[in-house]
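You will see subunit A twice below: alongside subunit B first, and alongside subunit C after that.
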Partner chain A sequence: MHGDQFPAAEKILSDIENVFKRDKDLKDFEILPVTVGENKSPVLHAEHTLGLQEWCVRHLYVHVYHKLTNLKQQQRLRREDPNTLSRLLLGGVLLNPDCTFLWNIRRELIVMGRFDLFSDLHINAVTLSRRPKSSEAFVYRRWLLSRILESYLDASTTLSILEEELRVTLMAANRYANNYHAWNHRMWIMSHLPQAQDHFINEWVSSEEWISKHVSEHSGLQYREYLFKQIMQNVGHTYFCHKLRLSLENFFLPLKSSELYCVSLKDSTPLKQLHSLVIDILEQKDFCSSCPIKCGSNPHILHIGFLAYELLLVTELIRLYPGHEALWCHRRFVLFSLYSIVKEINTYEASKSDISDGVPHPKAQKLSVSDIEIECNFLWSVIVRHEESLLEECSLCTPEESYQSKLAFRHQEWVEKILKRSGSCVKQSTS
Partner chain B sequence: MVKLYAMSILYKNPNSAVWLKAAYDLQTFSFFQRGSVQEFMAFVSKTIVERTQTAARQSVKEGEYMCHVYVRGDNLAGVIISDHEYPQRVSHTLLTKVLDEFAQKYPPHVWPTSSESSIAFNQINTYLAKYQNPREADAMTKIQEELDETKIILHSTIEAVLERGEKLDDLVAKSEGLSIQSKAFYKTARKTNSCCNFG
Partner chain C sequence: MRKTLLSMIQSNRNKLEVLKQPWWIPPILRKKPQHSFSVCTGSMKQSYVQLRRVFMEEEALINKKLPKELLLRIFSCLDVVSLCRCAQVSKAWNVLALDGSNWQRIDLFDFQRDVEGPVIENISRRCGGFLRKLSLKGCQSIADGSMKLFAQLCHNVEDLNLNLCKNIGDSTCQALSKHCPKLQRIDLGSCCEITDNSLKALSDGCPALTHLNIAWCDSITHFGVEALAHGCPKLRSFMCSGCVQLNDAAIRVLAEHCPNLEVVNLFGCNLVTDEAVHKLAENCHGLHYLCLSGCTLLTDASLIILAQQCHLLSTLEVAGCSQFTDTGFQALARSCRLLEKMDLEECILITDTTLMHLGMGCPRLEKLSLSHCELITDEGIRHLGMSPCAAENLTVLELDNCPLITDASLDNLVSCHNLQRIELYDCQLITHTGIRRLRSNLPNILVHAYFAPATPPPAVGGTRQRYCRCCVIL
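Our next item is the complex of A and B:
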């Protein structure tokens, strides 16, 4: 392309740049459907939103792109006037954030120290407001952040970075359904920022609202699963224990009508402790200790508490919003985690009872395993009871909800194959 | 996304429908779009009420949006525009509830002569905010029984609701309630087949 075919380009670019300079809190960029250009600037600015009229977009982008490729080919990028270059790049990434070439020039200039890391983060956030699913933009954002994190940061700066990243990813997730890149970025932030682990529990609490409003989005649920795993690694008493108490009460409610309710278990194993803890919760005994579920006394009660909370939540969502597969998948995650706990307790018990007086009894192994599995029943039977009642309810779906019954059928198959087969001896002993 | 965008109460005259009250929640739309989106939702609400029979319920799906209409036997009408994931039963229950409450406050004889400015019915905003989260909305369990016998007619596009020979494009072009900007917006949305068919 020869010559300047769109003489207004530089003027428009500098208008855009001025908006960025004037408004440090600029949040959104959008293109307005004005197809006929009047003799006015196509750049609008109101309420921290930058608007660009549609008629100039094509010409502007062509101008920017050709100018930059020409400079690159002639290897004159470094010698070009920094102000002109920054204007061109700003217009370029706003209009097409999927273009790696543009972000790469920015990278070069950052490395040379010509661009500021934090104002680049700002520009990147504004581009994401129009293209919330641009993976290139997110990749560049992570590159910037890892450069920022290389140097020493005080606590308040880290906190403000965290808050800004949480805001940007939430905005992107709200604007584009099933936005994998946004949630992926959020996970990256939570695992790379030094102070992020203090916020896991808050994130867990706030993500509940999001998932109950975006019932068909697995990416949001996957983020919640990630949070759950992180919390479980370093679980301890929090303000959330009070909520868990109610969940545990509701979760173990089927136990009351079961013969396992008052079954007495031998010796004070963790399982026995767990059982008596659950009985205490169900009988609403007052705890004098500071934690309503005595989370310190048994390693499993907190894990089960979180999972019980989640299982009840997902049950409610499945009832309220029929026919969303993501919810069923999440349910399977919860069930599988519960199943792993049951298994963990089982193996622990098995290994323990094999050793009496410090001498293992290899021959007695078979007998002891089945004994222990009966003992472990109470948790297992509750899980199975929950699944059975939900599946029964879904089999009564109206014809309009046929997709729901299809999903329920699939779930039933999964339960049969994965959970019940492995716990078949448990099942036999209950019947 | 589970979301309620707009709720309006209209009175259905034999020839046209007039507004009695409306509430919008358009925070999810970008700033420059909000005005056009609101005009469009109003336009769609009015159009659909005019094409719904007395004592009937309709639900129209258009892209990722749902529009629920209920015209009562006495020609008081309610419209909800929501996201398609918002439970349909909840929308229709909400319509019944809001219209009942409105009819209690304003008797039928004032409907034909009233306009939006002469009516103070701020509960509509409260309902719109409260029902954003159907989990927290009250009496959820009773929803199934509460719905009256009226059958809900389902349509898969707006065009299906229009009378024979009518075209949405023509209606938009003729509409007085839409600004030039909104009409341009509609054209672009149509052309690019964007997700935003309503506005």
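Our next item is the complex of A and C:
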């Protein structure tokens, strides 16, 4: 009945399908603002882009939707001619990717082995080009990929899948601000594809450019945080150390003017090692081309290097683009990671001293010891120095940037509450 | 053998959902019977007992009045689903309804997803020599093993449809050739594993073959077809769309040995030349359906020889034969006066002259496709509209992608009272007003054009509701 109202629908659908068949590299789908129809196909195809004129969209979608719901109600979906069905579904998901019903029929047909997984992946990518924030489409994509990953894949296929996924998610993230689904999908890809480990560093480098262009996008920053955590789990990327050396140098610069600079610590604990390493870096001593920060001798220096790099980057971004809460949140992540490292070193020290005494301390006591020691840890004092200078700078900002000072105030509160031990120092600076 | 099946059916007699799951489904696939009677009230139990007695003890009126032979005769008119229902009624009916004589013609197309090997084996055991016609169209799970058993047991089969049974291979055809000499019609369309060996086997064992469909079995070559032609001289219908390896030699032998050919489909056999058509036309005068779409090497010579020899031609499909010109169609229209359906899509050289001759020569023309015939103008349509066929028979006219057609053509078609569908996609000179005028004259016509319908479509519940019902009310 509805088919009679708009007989051209089937023709338009087959036109769309033909474009998909002809152009395997189809990238985009757009609806063109043409409201008056001529007796001419509303399907246009140029430069790997599929265009559909606006006047037919509504009629087409009504046709597809009614036809599919009728088939579903009469339980004839399985017996329908697969070609007709795939045409209808293709039109349906292109026009409304948020409709779970359509994706579910596709799922059913995939399970029955009537649709090809890879061509479905392509259709899904084209769908995402118009609606980059469709969570249903991303969910379906993950479903497809997990089905693909179930079977054995050779290395080149996995690599091409990875590249395609990275392209699709980047495209989606670029087209829709704060696209949580895209970044979430990217994270999923990085943790599920077997070859993704080799790409963490590349991703980390390329995401720097992205976050400096999208300063208020928390999803992107969160992805970077995810990458950081992943990189930390398998450290040992020495080729990166030249870059980190410079940031370490800048990071520890306040130490030079501090009294902690020449303090010599008791024995060859990791803290002591770290300290001597830092001093080496600051004095540009022992510059070795293979690994300038000697990350092999101390496991923490590389972590600190990454975090220092990140902290300096985020400081610069906060200065350049005042009033973006996402940056402050990211800063808190960096600070908290640094805080955990400091704590880790101190507990190690404490436990070592305990063992040397021969009598292990009760747990509560041990914690308090490490808490006290945090304050006199040279690393912690450097961090506090950095926070102080930034907060000071923000308190001086102009009235137009009142939001920035509000954010700075919140940050200060957070620092006081979470990183309690440093509270006194920060208070002094702002009062 | 038959008893085992029978006992299986009887043990399942009380199931209520058997209607959905016919008996040929192996028992594992069936659902467990619902023991609903235990929760029934006393009176219902009583009435059930009564009913049971009435039906089971052969005291039912219908069983008394009608002799078994007559009941059997009635059952033989029922379809598969009704027979299965009747088999649930009583022991007596079960025996009668499942009698092999009722199962001479089986079409399992509606159950294609559920049909698997054991189903075919059950059916062949039960029906045996009674089975004449079996359609397994689209039953993709069927494999050679069960078909071999089928061939052994149902040796009287005459009509077998295996279209889209993609797992079927040569050994099925070899078994059929061995056991089923009465086979007349076989449809092997889209069974891509079929090779020349199948055709050779069929030619050896099935001399009665009249109808053969090997569409899209693209490993078939001229060797297979030649063997077939030698062994099956009664062939009347030969469909080999998409068998791209077939050449002139194959068609020549076929035409020489099978003079009874009436239906020939050579869709997409692009090696075929005028010579093959020449042989076909010379030998098979009874030809009434011929599809030569996609045979791009053909020229007007083919049309002229067809016009001279095959006067009974009623359907001619020549889509994509781009070398055909007005000369060929003029000859054809003059002598083949019985033409009803013509597909001239993409015969790009034809002009209004062809339409003029078709209009004059073919009064029975019902369906005419002129898609992508870009030289056609209003003048040609005017000739067609004035011809006798237009007023009486013309029902479908396809004019899509004819860029020169204007609204004047539509005005010329007003006298075609039977016209039901007209395609005008991409005819850019056609306007909305022209279509409206045509519609007002022929109210039942279906116009296919890209124009959006005048009435706005009803709202769709397609987009997911953003709020639940209570939130909407609030």
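To be clear about the criterion, the second predicted complex is superposed on the first by the 392 of 431 C-alpha atoms of A that agree within 3 Å, B and C clash if a C-alpha of one lies under 4 Å from a C-alpha of the other, contacts with A are read in each partner's own complex, and residues count from 1 in each chain.
Going forward, contacts are C-beta pairs under 8 Å (C-beta built on N, C-alpha and C of every residue); 3 or more make two chains touch, one makes a residue touch a chain.
It should be emphasised that the depicted structure is a prediction, and the values quoted were computed from it without experimental measurement.
Participant: For A:E38, is the partner it touches subunit B (first), subunit C (second), both, or none of the two (neither)?
Facilitator: In the superposition, A:E38 touches subunit C alone.
Participant: Between subunit B (first) and subunit C (second), which, if any, makes contact with A:I110: first, second, both or neither?
Facilitator: A:I110 sits against neither subunit B nor subunit C.
Participant: Please work out whether A:Q5 is in contact with subunit B alone, subunit C alone, both, or neither, and reply first, second, both or neither.
Facilitator: Touch partner of A:Q5: subunit C, not subunit B.
Participant: Once the structures are superposed on A, label A:E316 by its partner contacts, choosing first (subunit B), second (subunit C), both or neither.
Facilitator: First partner only.
Participant: Kindly classify A:D98 by the partners it touches after superposition: subunit B alone (first), subunit C alone (second), both, or neither?
Facilitator: After superposition on chain A, A:D98 lies in contact with subunit C alone.
Participant: Which bits of subunit A are touching subunit B when the two form their complex?
Facilitator: That would be residues 28, 30, 32-35, 44, 46-47, 49, 51, 54, 129, 174-175, 177, 209, 212-216, 316-317, 320-321, 324 of subunit A.
Participant: Quick one: which bits of subunit C touch subunit A in the complex? Just the residue numbers, please.
Facilitator: That would be residues 110, 112-113, 424-428, 430-431, 446-453, 455-458, 460-464 of subunit C.
Participant: Can you list the residues on subunit A that touch subunit C in the complex?
Facilitator: Interface residues on subunit A, with respect to subunit C: 4-8, 11-12, 37-42, 55-56, 58-59, 61-62, 65-66, 78-79, 96, 98-101.
Participant: In the complex, go through subunit B and note every residue touching subunit A.
Facilitator: 1-3, 28, 30-33, 85, 87, 132-135, 140, 181, 184-185, 187-189
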